[in-house]
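I am attaching a structure below and will ask some questions about it afterwards.
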Amino acid sequence: MIPLTDSQVTRDGKALILAMDHGLEHGPSADFGSVPDTLNPEKIFETATHDAVTCLAVQKGIAETYYPSYDDDVNLLAKLNGTSNLWTGEPYSPQNWTVDYAAELGADAVGYTVYSGSNHECDMYEDFRDIQERAHREYDMPVVMWSYPRGQGLKNDTKESVIAYATRIALEIGADMAKVKYPGTRESMEWAVKSAADMPVVMSGGSKTSDYEFLSSVEAVMDAGGSGLAVGRNVWQRDDPERILDALEKVIFEGATADEAL
Amino acid sequence: MIPLTDSQVTRDGKALILAMDHGLEHGPSADFGSVPDTLNPEKIFETATHDAVTCLAVQKGIAETYYPSYDDDVNLLAKLNGTSNLWTGEPYSPQNWTVDYAAELGADAVGYTVYSGSNHECDMYEDFRDIQERAHREYDMPVVMWSYPRGQGLKNDTKESVIAYATRIALEIGADMAKVKYPGTRESMEWAVKSAADMPVVMSGGSKTSDYEFLSSVEAVMDAGGSGLAVGRNVWQRDDPERILDALEKVIFEGATADEAL
Amino acid sequence: MIPLTDSQVTRDGKALILAMDHGLEHGPSADFGSVPDTLNPEKIFETATHDAVTCLAVQKGIAETYYPSYDDDVNLLAKLNGTSNLWTGEPYSPQNWTVDYAAELGADAVGYTVYSGSNHECDMYEDFRDIQERAHREYDMPVVMWSYPRGQGLKNDTKESVIAYATRIALEIGADMAKVKYPGTRESMEWAVKSAADMPVVMSGGSKTSDYEFLSSVEAVMDAGGSGLAVGRNVWQRDDPERILDALEKVIFEGATADEAL
Amino acid sequence: MIPLTDSQVTRDGKALILAMDHGLEHGPSADFGSVPDTLNPEKIFETATHDAVTCLAVQKGIAETYYPSYDDDVNLLAKLNGTSNLWTGEPYSPQNWTVDYAAELGADAVGYTVYSGSNHECDMYEDFRDIQERAHREYDMPVVMWSYPRGQGLKNDTKESVIAYATRIALEIGADMAKVKYPGTRESMEWAVKSAADMPVVMSGGSKTSDYEFLSSVEAVMDAGGSGLAVGRNVWQRDDPERILDALEKVIFEGATADEAL
Amino acid sequence: MIPLTDSQVTRDGKALILAMDHGLEHGPSADFGSVPDTLNPEKIFETATHDAVTCLAVQKGIAETYYPSYDDDVNLLAKLNGTSNLWTGEPYSPQNWTVDYAAELGADAVGYTVYSGSNHECDMYEDFRDIQERAHREYDMPVVMWSYPRGQGLKNDTKESVIAYATRIALEIGADMAKVKYPGTRESMEWAVKSAADMPVVMSGGSKTSDYEFLSSVEAVMDAGGSGLAVGRNVWQRDDPERILDALEKVIFEGATADEAL
C-alpha cells in the first residue's frame, strides 16, 4: 500500500473524488438528459477546480483531450477500465487505458473496477495485478479499486458482509483505497472500514437523492471511519454543483453533520 | 484526442471519407454485381482523387497493392479490422492490419470498428486500446472509430439513444472521430453530436438510395453539427460517381442544401 | 501484394503447385492406400523436380527432413498450418510452423488456410495477419492463401458467390495468391478471378478424377483468367505422375486444350 | 526441488507456516466475526514472531503494507494466488502477485494453490510452471504448492488416494513442499508422505477444532513422516494464540505427543 | 527431423525408453500400490542405469531433484507435458516444463504428448510447434511425440488407420520420433512404420502383461520395422526389472525372438 497522505488523491487523509465516466457506463441519454451541458467535459473540469474536490476520475479520451488545460488546477485519477451497459454478459470491464499512458498524461493515481463474484472475477484480478504492480513499481502511483461484488450468485450486493468483503479484497490484493457502495447503516460501514485495516475506504455516491439524504449518508460514512466520497451524479446532476460541494467540504473535511452543512 | 484540423482526414474541419471494404464485409456478389468494374481497386483510387474526398478507407491488401501509385493524390485511412458476413457468431471484427504496418505504408489515419453490445465488446475495447495508444503515442496518427452498437440485446441500432451512446463511447475511450449510422432525424443527430463534445462525428452512408434522399440526410447531418460523411455504395454504385461527389462537396464543404447541390 | 512474377511460385505468371500434406489432413490410410510408396516424401520431391512444377507445398516436418537434398531443384511453398480430420470442432487449422523457421529452411513462399464462415474465422484472420506482415516486412516472401469458406451457416461451399468471396477476402486482407475450389463453370471462375483484381488465383485440384475431366477443369480455369493449379492427389495418386504433369504443362503454360494435351 | 533445509521455510527440516489470507478466500464476516481485532494484519505479524512459526503466508497487499516493519522477525511466504468465494465457477485461483515483485518485497518463498481435477487444472499447471521456473531459476526461491484436488468428478477430496495423488503431483511438476488436507488417519498420511518421496509435506490446518483434536492430528502427521503444519484459524481464532503455538512447537519440533504438549 | 543416430535417445538406431510419469498421469495408488518402493525416484534412476535403457522419461520435478546424481549414467528425455486423471474435460495435457529449463537441466531430448482428435488438438499442435522449433533451432535437441489420437469422435484408438495416422502426424508436424500404442498386429504396425517414412517409431508399453505376451509384442514391433519401445509399468511393476530388461535388450538390440530372450 502506498500511503495516500502524500498523494494528490487525498487532503488531510480524506478524499472527495469527482467522477464522470457515466457517458461510457450508462450512456448520455440515461444520465445527461436533464443536464445536457454537462456532456461538455470542460464543465466537469471547471467543477473539479472546487477546493473540496481532491481529484477527478475520467476515462482516457476525456483526459487526453481536456486535462492538458487543467493540469495545474485538477488532480487526475485515471479510470483505466470501463464498459457500456449495452453488454449483456457476466460483469466485466475491459482495460481501456494503460498505466504507462496514464502516467504520461500526468495522472496522479489510477482506478480500476473489480466485479468479485462475476464469472470474470479471475480475469479482473489478473488485470488488476498487472496494473497494480506497474503503478507501484514503475511510477509509485496509488491504485484505487472500485470494488463492486456483482454477478451470478450474488443477490444483494450492498449487504454488510458483501461490502466488508469488498474492502478486504481490495486490501489483500493490493489496492491503496477502495470505493464501495454504502451498505445502508453506519454500523455496516464500520465493519467494512475495519475489514480494510489501514486502507482508506470511500463511499460511492450512486444515483441522485435529496441533499439531506445524500449528506446524511456521507456523514455516516465519516463517522464510521470512512475516508470520504467518490461522487458523480449527486454533484453534476444538481442545478448548483458548487452548493453541494460546499456542503460536502464541511462534512468530509471539517467534521460537520448534514444538518450543519446545509 | 488529436485535433483533426491539422490532419489529412478533414479539410476545414469537415470530412468526406470514401470507403471501399465491401468486398470483405459483404462479398463481391452482393455489392459489386451491378458495378463489376469497381472490383478493380484502381477505379476507386481514381474516384478518390476527386477534390471532395478527404481520404480513402480500405483494407490492408488493397492499400499495399494500389496505394503506392496514388500516395501523392489520395490520403489513406487504414481500416485495420474487418470480417466476412459468412461468420454467424456474435458481432466481432478481427484486426487484420497492425498500426506499425499502416504507418509504414503511409497511412494518414487508422480506422477500427467497435460493436458495443456484442458479446465481444470487451475484446474490441481492448484491441482498440492498443491501437489507439500505438497510433497516438508512436505516430501521432488519428483514430476513427466505426462505432456500431450491435449484438444480443439490441433491437434497434439506429435509435437516438443508441447513436448518441455510440458517439460518447468513441469520445470516452479515445477516438478522434466517430462514424455512426444516421439516427433518422436532425434532432437525434444533434444529440449524438452534442454527446461527442468536441470530437467530430460523421455519418455512415449506408446502402444506396436516391440522390435527393441521400443528400438530404447529409444536409441534416451538417445542420446538426456533424462533420461530414463516410460513404461507399452511395458513390461507387452510381453510374456517375463524380456527379454525386460534386454535389456532396457543395453540401459538406460549402453549406449548400440538397436542393441547391443537385 | 508482392508481385509473383519475380518469385519462385510462378513461371511466366502461371503456377503449378504440387501439394502433399494429405498425410496430415486426411491420414495415410485414406489417401495413400493405393499408392503406399508415395508415403515416402522423397517420391514427391522427385516428382516435384518435373519442369512443370513451379513449387512444392509441404508441412514443416517434411520440409525439414527432405528439402535440404532438393533445394537446388525444387521451390518450397511452406504450408504453415494444418490439422487432422480426427478433429470434430468448427473448422480451424493451427499454425504448425513459424514464418521465421520457414525462411530459415529456405522457403520461397508461405501458405496458410483460412476458413471464412467458421466460428474460428476471426482467429484465423488474426493468425494470417501476423504471418502476412512477418513474411512481407521481414522476408519479402509471398503468401498464398488456401481460401476455403466453410463452417456453420455455409451449405454449398463451391457456389459462385462463395468462391468469388473467397478470392476477394484473400485480396483484401493481403494475400499474394488465392487457392480456391473450382466453382463448377468457367463463368463462375471468371467472376472469382475478376473479384481478385490483380491477385492471381489458382484452382485446388481436389480428389482424383479422370484425366480428361481433370484437364478440362484446368483448361476452364486458364480460360477464365486463372493463373494455374495447386494439385496433389490428381498427380501422385496416378500410376504415372509424369504423364499428367506433361499434360498439365501444356494446358497451363502453353495454352493447350485438354484434348490437345492428352 | 530446492532443499528446504537451508531455507527460511523450515527449521531442522520442519515447518510451522502461519497463514492468513482468509479475508480474501472466505471474507471478513465468515472468519473474523469472533476475532475482529485480527482483521488488523499487525496482530498476525505479531503472532508470527513466535519462535514456533517458521514463516507467514499472506497475500500481496498485506505483505506490501505490513512486512517492511517485520522483515527482521518474520519470514515471508508470498502466497501468489487467491480468489474470493463469491465466484461460483469451476475452482480456479488467479495469480495476484508476480514472482519478481514477491522477491523484491523480500519473500523467502512463494506459494501457489493448484486445484487438480478442476476444469482449470491445465491453466493452473501452466501458471505454476512459469512461477516455479521463475522462482527456481532467477531467485533460487522455494515454491510451496497448496495441492487441493477439487472440481467436477471429485466426490471426496480427503480420500487417501486423493491426498497421495496431491503430494505426488506436487513432486512431479516441481514443488519444493506440498500443503495438503489431512486424509483422516496416520496410515493414509504415511501413504501421502511416501508418495512425495523426498519432498516435505505439511498438513493444512482447516477450520477450528478443539485443542486436543487439533494437536492429535498434528501428532499423527509428524508420526507419519510429515514435515509440519500450515495453520490459520486454529491459531488466530483462538483466544490465546501463543498458548497453542507453544503446544505446536512441542509437537512439531520436539516430538511431543498431543497429551504432553497440552 | 534431427537424425537420432547421433543422439542419446537411441543406440544403433534403436531405443528403449524407460518412462516414469505415472504418479502424475494415474496417481500413486493406481500404479504403485504393488510396488510402493518405486515411489522413490532413485529406484527408477537405478533401473535406468541398465545397459538396455537408452534414456529415461520423467517430469520436471523428478529430473530437477534426482537427475543431478545420475547424469553420467542416465540419458534424460524430458517429458514436457502431463496432466492428472482427475481432470474430466476433453483430452489435453499442459506444458509443465519449458525447453529452456529442460536444456539447462541437461536433457538429451524432450517429449510431448499430442491428442489428435481432441477438442484441444489445435492448442496442442501450437504448443508442439513452439517446443519443436525451440528444441531444434536453439538446442539441436530431438523431440519425441507421444502421439495418441483420443477424444470425441474416436471410438477405437488402436485401430490400424488411427495408429498410422498418429505416426504420420508426428512426421508432418516435425517430430523426430513417435511413440504410439501397439495396433494389435505386426501388419498394422508395418503400415504405421511405413506411414512415418524415415522417422523412427516406438511402441508404448502399456499396462502390465505376462513376460511372453509383452516380449512377443515387442518382437512384432521390431519385425515390423519399429525402432523399439517406451516402457514403464511392464518394467518397474515387475519383481525383477533387471530380468525383463535383459530380455528386452535381446529382442530390441540383438534381434532375438521372445522365446529366445526368455
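Letters are used for the chains, namely A, B, C, D and E, taken in the order the chains are written, and counting of residues starts over at 1 for each.
Methods note: contacts are C-beta pairs under 8 Å (C-beta built on N, C-alpha and C of every residue); 3 or more make two chains touch, one makes a residue touch a chain.
Since the structure is predicted, the reported quantities are computational estimates derived from the model, not experimental observations.
Remark: chain B and chain E have CA centroids separated by 57 Å (rounded to whole angstrom).
Distance between chain centres (mean CA atoms), chain D to chain E: 35 Å. Not a single residue in chain B touches at least two other chains. Chain contact topology: the protein chains form a single closed ring, every chain touching exactly two others. Starting from chain B and moving next to chain C, the ring of contacting chains follows the order B, C, E, D, A. Only residues 21, 23-24, 27-30, 32, 36, 39-41, 58-62, 64-65, 82-84, 86-89, 92-98, 101, 104 of chain D touch chain A when the two sit together in their complex. Across the complex, chain A meets chain D through its residues 1, 116-119, 121-123, 125-126, 128-129, 132-133, 136-137, 149, 151-154, 160-162, 164-165, 168-175, 191, 194-195, 197-199.
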